[in-house]
Amino acid sequence: MTDFIPTPALPAPDIVRSAYMELVVTDLAKSRAFYVDVLGLHVTEEDENTIYLRSLEEFIHHNLVLRKGPVAAVAVAAFRVKSPAEVDAAEAYYRELGCRTERRRDGFVKGIGDAVRVEDPLGFPYEFFYETTHVERLTRRYDLYSAGELVRLDHFNQVTPDVPKGRKYLEDLGFRVSEDIKDSDGVTYAAWMHRKQTVHDTALTGGDGPRMHHLAFATHEKANIIAICDKMGALRISDRIERGPGRHGVSNAFYLYILDPDDHRIEIYTQDYYTGDPDNPIVTWDVHDNQRRDWWGNPVVPSWYTEASLVLDLDGKPQAVVKRTESSEMAVTVGADGFSYTREPGEERGFKMGSQL
Amino acid sequence: MTDFIPTPALPAPDIVRSAYMELVVTDLAKSRAFYVDVLGLHVTEEDENTIYLRSLEEFIHHNLVLRKGPVAAVAVAAFRVKSPAEVDAAEAYYRELGCRTERRRDGFVKGIGDAVRVEDPLGFPYEFFYETTHVERLTRRYDLYSAGELVRLDHFNQVTPDVPKGRKYLEDLGFRVSEDIKDSDGVTYAAWMHRKQTVHDTALTGGDGPRMHHLAFATHEKANIIAICDKMGALRISDRIERGPGRHGVSNAFYLYILDPDDHRIEIYTQDYYTGDPDNPIVTWDVHDNQRRDWWGNPVVPSWYTEASLVLDLDGKPQAVVKRTESSEMAVTVGADGFSYTREPGEERGFKMGSQL
Amino acid sequence: MTDFIPTPALPAPDIVRSAYMELVVTDLAKSRAFYVDVLGLHVTEEDENTIYLRSLEEFIHHNLVLRKGPVAAVAVAAFRVKSPAEVDAAEAYYRELGCRTERRRDGFVKGIGDAVRVEDPLGFPYEFFYETTHVERLTRRYDLYSAGELVRLDHFNQVTPDVPKGRKYLEDLGFRVSEDIKDSDGVTYAAWMHRKQTVHDTALTGGDGPRMHHLAFATHEKANIIAICDKMGALRISDRIERGPGRHGVSNAFYLYILDPDDHRIEIYTQDYYTGDPDNPIVTWDVHDNQRRDWWGNPVVPSWYTEASLVLDLDGKPQAVVKRTESSEMAVTVGADGFSYTREPGEERGFKMGSQL
Amino acid sequence: MTDFIPTPALPAPDIVRSAYMELVVTDLAKSRAFYVDVLGLHVTEEDENTIYLRSLEEFIHHNLVLRKGPVAAVAVAAFRVKSPAEVDAAEAYYRELGCRTERRRDGFVKGIGDAVRVEDPLGFPYEFFYETTHVERLTRRYDLYSAGELVRLDHFNQVTPDVPKGRKYLEDLGFRVSEDIKDSDGVTYAAWMHRKQTVHDTALTGGDGPRMHHLAFATHEKANIIAICDKMGALRISDRIERGPGRHGVSNAFYLYILDPDDHRIEIYTQDYYTGDPDNPIVTWDVHDNQRRDWWGNPVVPSWYTEASLVLDLDGKPQAVVKRTESSEMAVTVGADGFSYTREPGEERGFKMGSQL
């Protein structure tokens, strides 16, 4: 049933890592209060329409661009490539895929040079760049280190109706899958894939799309994530904590999901694992495994399955959202129609984990 | 409507702290696996019917007695008193209250000497003792320190229908209230009270009682509590994690609630605050404050409100449970009939917190 | 050789806890930068001569008074007593001891009411008070919580030539010893004693005195203390880190010692243990045990043994310092004349710890 | 003065990461007690002469081989390469360098297949392999997770007399330098270089060599490292803690150095930073910067500069050690002849850090 995206003949660009996201926000001051005052991201520069923010250990210009606009959406998910020539490679690759592309030698935002933006085959706005302004790497600026300090951008997460289709396209692009969720009928509900040596740079969550599920930042320790929750409680914005904190089954990271003023979802994440070996073992989870998304079996709130941010095309218009036709993970695991279990029936303990090594 | 328990003329015993609980468990081996293998409590001694366990920093004989029996229940909640004479004082005090008491010079369990047990006015089995065998204090035994090490017994929590009635009785007994939950109609839903210098040695949770809500142990750090959750996930017993982990509003402690094989509830708790000054400010929470029980606004699972352990009388028979007639906290805050809020209507932030200083 | 201080006939005041210290500092702005900007203590109030600071969980007016003056010294170590009547008791007690006392119904500093200050038998300026202005208890103000947040005042530490003499006087005053350091000849090098239920409210360190060795604040977790070190590194004031961080043998707490601009020593401390039972086991350490002061055997820098702050008399003049005649701990453990060991000779492991239970 | 190692014409093997070290130990039982009982490394397999150990998140056969032998030494530092063909590439590359090589299709140790070992131009025994037995990846085995759990092998550290010579050779091999220590005369004291995306897979420490300075394992959190120190104190082997714990200037990691029964040095390390971008900023430290090796200015114990393990040639004989002729870091920073400073003279704060971005 899946219509696969063909594999281009041209080589894929050499992608290094997920680097920044550009979010359109409806109230720049409210967003600034959230990202700077609450989360402590560091301002590289700003003007009345745009704020450029970065995490503590970042040395490129920014990890997050907040741009004021009428409709909240994700304008781009940007990846850094290995060299200037790889920007050319990206442009050629997507043209071969028949995608709309736009190239700007001076970049689309401040602090980024030569870049190409594309409307990718799944409908997502991607950017590929190499040139960027180097800024002070705040790694040792412990005088600026807050109790809930965000130290790196870790990944994106995208909602798309057909996960295997998206997976093949991303694998052709050079991403390697680290973990996925399937059922015994072969339906794939989600997949995580990486270029850098962590569990993921992006992931595909099965659902109505294209929409952006979340952007994730990393902390050093679990207590930093708890500090963010505590602070949101103190500010009486605990209703912006959507899910967690908890321990993921997939990725093994300690996590938290919060919502910004436009309901863009942000994940705070720490301590996943090294995936840099070529034969890194893939972990496949059964969708009915109650510990796959939260290792402690805490429920996934329905909004986490249903809500996500619109994404824009290269004209800045929201992309139409296509419904997922395969089983919804929420439907098969939550509520009267769904079921999940901690142990296989009849097993005192243990649970078949699929291809995990 | 409340029928208050009269204040005795005799002085209350000088209670030092909550010291141990005696639990009747239906399968001693399964309970041992839970408390020793999973939670890492240390065995002081054991035989085929009883296991005596203690936490890392304890120097008295035990903090927990597991005794095999046909019906899972709490046999006693035991407090240490300041001297041998205070055992006499306890016996006399409860006799004046008209309670059934039993005195055993050689104690009711191993490792405890002269003690008096009572069926208290709320129907709970209390014990008061001074003499106890000193055992090796494992404080510096880092060679025995697990990732989720339990370092102290912190408190008991009791379910009783009439909280103000119970509060007065416990205040007469010398307990001081640190925090409570009320509504604008004057209904008290719960209260926390202490003898030692932490938030509580016991608490009263409004509901059908007498039943024991939980027994709590403390850890050094929040990550120790996360480690317990992680381990329960690895053992595929995450379904025994009932609620949490999270940050309490009341007490400000980081917490977790888990269930033992008999569904006795155990709380793991850390980093509440000092209450030793005579004018320690009492904190009163509004029952509709969504951050009172979990500071992050995470829901309290219904079972946490409804389930609790039976308690025994001095003959070892389960005490009859009396229904609470006042509003149930669950009913006023959970589900269609209940409501709770993070901020007062019309308030950007903040929430009236009552008598908090 | 020891001339003991006689035991008064009058009852000792009921002391609740170590509450605040008043420090004379030579440059108020520099001290403010240290205590407020670096350490994050919270300002209750201030004027051009004095700053009143408190820790996060404090509800009385202050834990630290910085008062500008020509000579850096400790003006007072103040204890809270249980009631107004205990201020009378303190005054009478010290008069019976033949000490100089001064009573001020309106207190000696802002935020404190009726108080008595004394020049105690060891030459230390103590204050006893009950009345104090209650201020906002910042416990749940996670929006103000820094990475190295100081949450409570924990204790004082005093240098005095004759530790057994000081110990008896403090025991008469109602302090209970939790731990000490001795040698096989009966020389006592140091002792720790408490009123609240932690390891100490004050301690006696054998040496030339009276001088104040340090003031200690507590954090919630060990990582908070590491954050303070990291921040001092980032500010390029790592040379103000005097000793640590490390794990104490005595007290079992994780610790750090730093120096303020006047070389007043501040300890940052966390996770010692409960001492509230009347028969709390006393731990005696052998002075030659290499793990007594740092559990990991890291050396105690000589300045830690030799340097301390002057203390003032009630006229604000520095007290004359008397030399210790007994063995110096540094001399017997550090350098060519000193020796310390991790294990008893001939023992693969273990080390005789004295009276520890 | 430096005689550089020529750059081969053949391509360097594609090295993925530092993978394992083979240590010759004189008493296998004592070593087992150290690595398994104290440090908690996991046994993959063992016999009477050899033990194969791995860290928690490892999926290849082992990270550490302990082999019984008469002289304590390092037998090999092994790197994983990207594919079987890269083993061929490594063999050819080192032959072109004129190094002695030995190829074994069935590997040199259990769990490793086709591998080539070399006596490299600096005198170090390196191994390059791809094939390895996959074993259970214990990442989620929280039931096996100790308080001081070692989760990954992080790096090697090698002592060599001529750091620039070694640096060029390793850069030719494909390593990229992340940080180094120099002085204003151009002397290089040490350099850190990586293949995976952390600060280093190996480093060159200037000194008499070839000798192996240390092998490092990573933990998740700083408290895990503190737990190791605490446990060594409890076991009364604190004299095997050589240096630390502390925060590194170079790498920004939290660290600890301990000594095994043969005085092989092990580092425990956590939370350095991402180096995966092609233009990762190099950080150069001034050798006189007192915060370069310990960010808090704590001294580097002389043994850390002087002691290291012998390395073996391919016949199993210890390599002769050549003396360093350039300035010794210890001599220029420690003791009467050395000097280091926290701030540049005349600077209130700050310290010129060289090429750090």
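Annotations
For reference, chains read A, B, C and D in written order, and residue numbers begin at 1 within each chain.
Note that a contact is a pair of C-beta atoms (placed from the backbone, for glycine too) under 8 Å apart; a residue touches a chain by one contact, two chains touch by 3 or more.
Bear in mind that the values here come from a model prediction, so they are computed numbers and not experimental data.
Among the other chains, C has the CA centre that is most remote from the centre of subunit A. Superposing subunit B on subunit D by their CA atoms means rotating through 180 degrees, a value rounded to the nearest 5. Subunit B and subunit D have Cα centroids separated by 50 Å. Here the CA centre of subunit A is 42 Å from the CA centre of subunit B. In this assembly, the C-alpha centroid of subunit A lies 34 Å from the C-alpha centroid of subunit D.
Listed for subunit D are residues 140, 221-223, 230, 233, 235, 249, 295, each touching two or more other chains.
By the touch criterion stated above, subunit C contacts subunit B in their complex at residues 16-17, 57, 59-60, 80, 82-83, 134-137, 139-140, 151-152, 196-197, 220-222, 249, 252, 271, 273-274, 276-281, 295, 356-357.
Every residue of subunit D that touches subunit C in the complex is listed here, in rising order: 221-223, 226, 229-230, 232-233, 235-239, 241, 245, 247, 249, 254, 290-291, 295-298, 342-343, 347, 349-351. Every residue of subunit D that touches subunit B in the complex is listed here, in rising order: 140-147, 149, 221, 223, 227, 230-231, 233-235.
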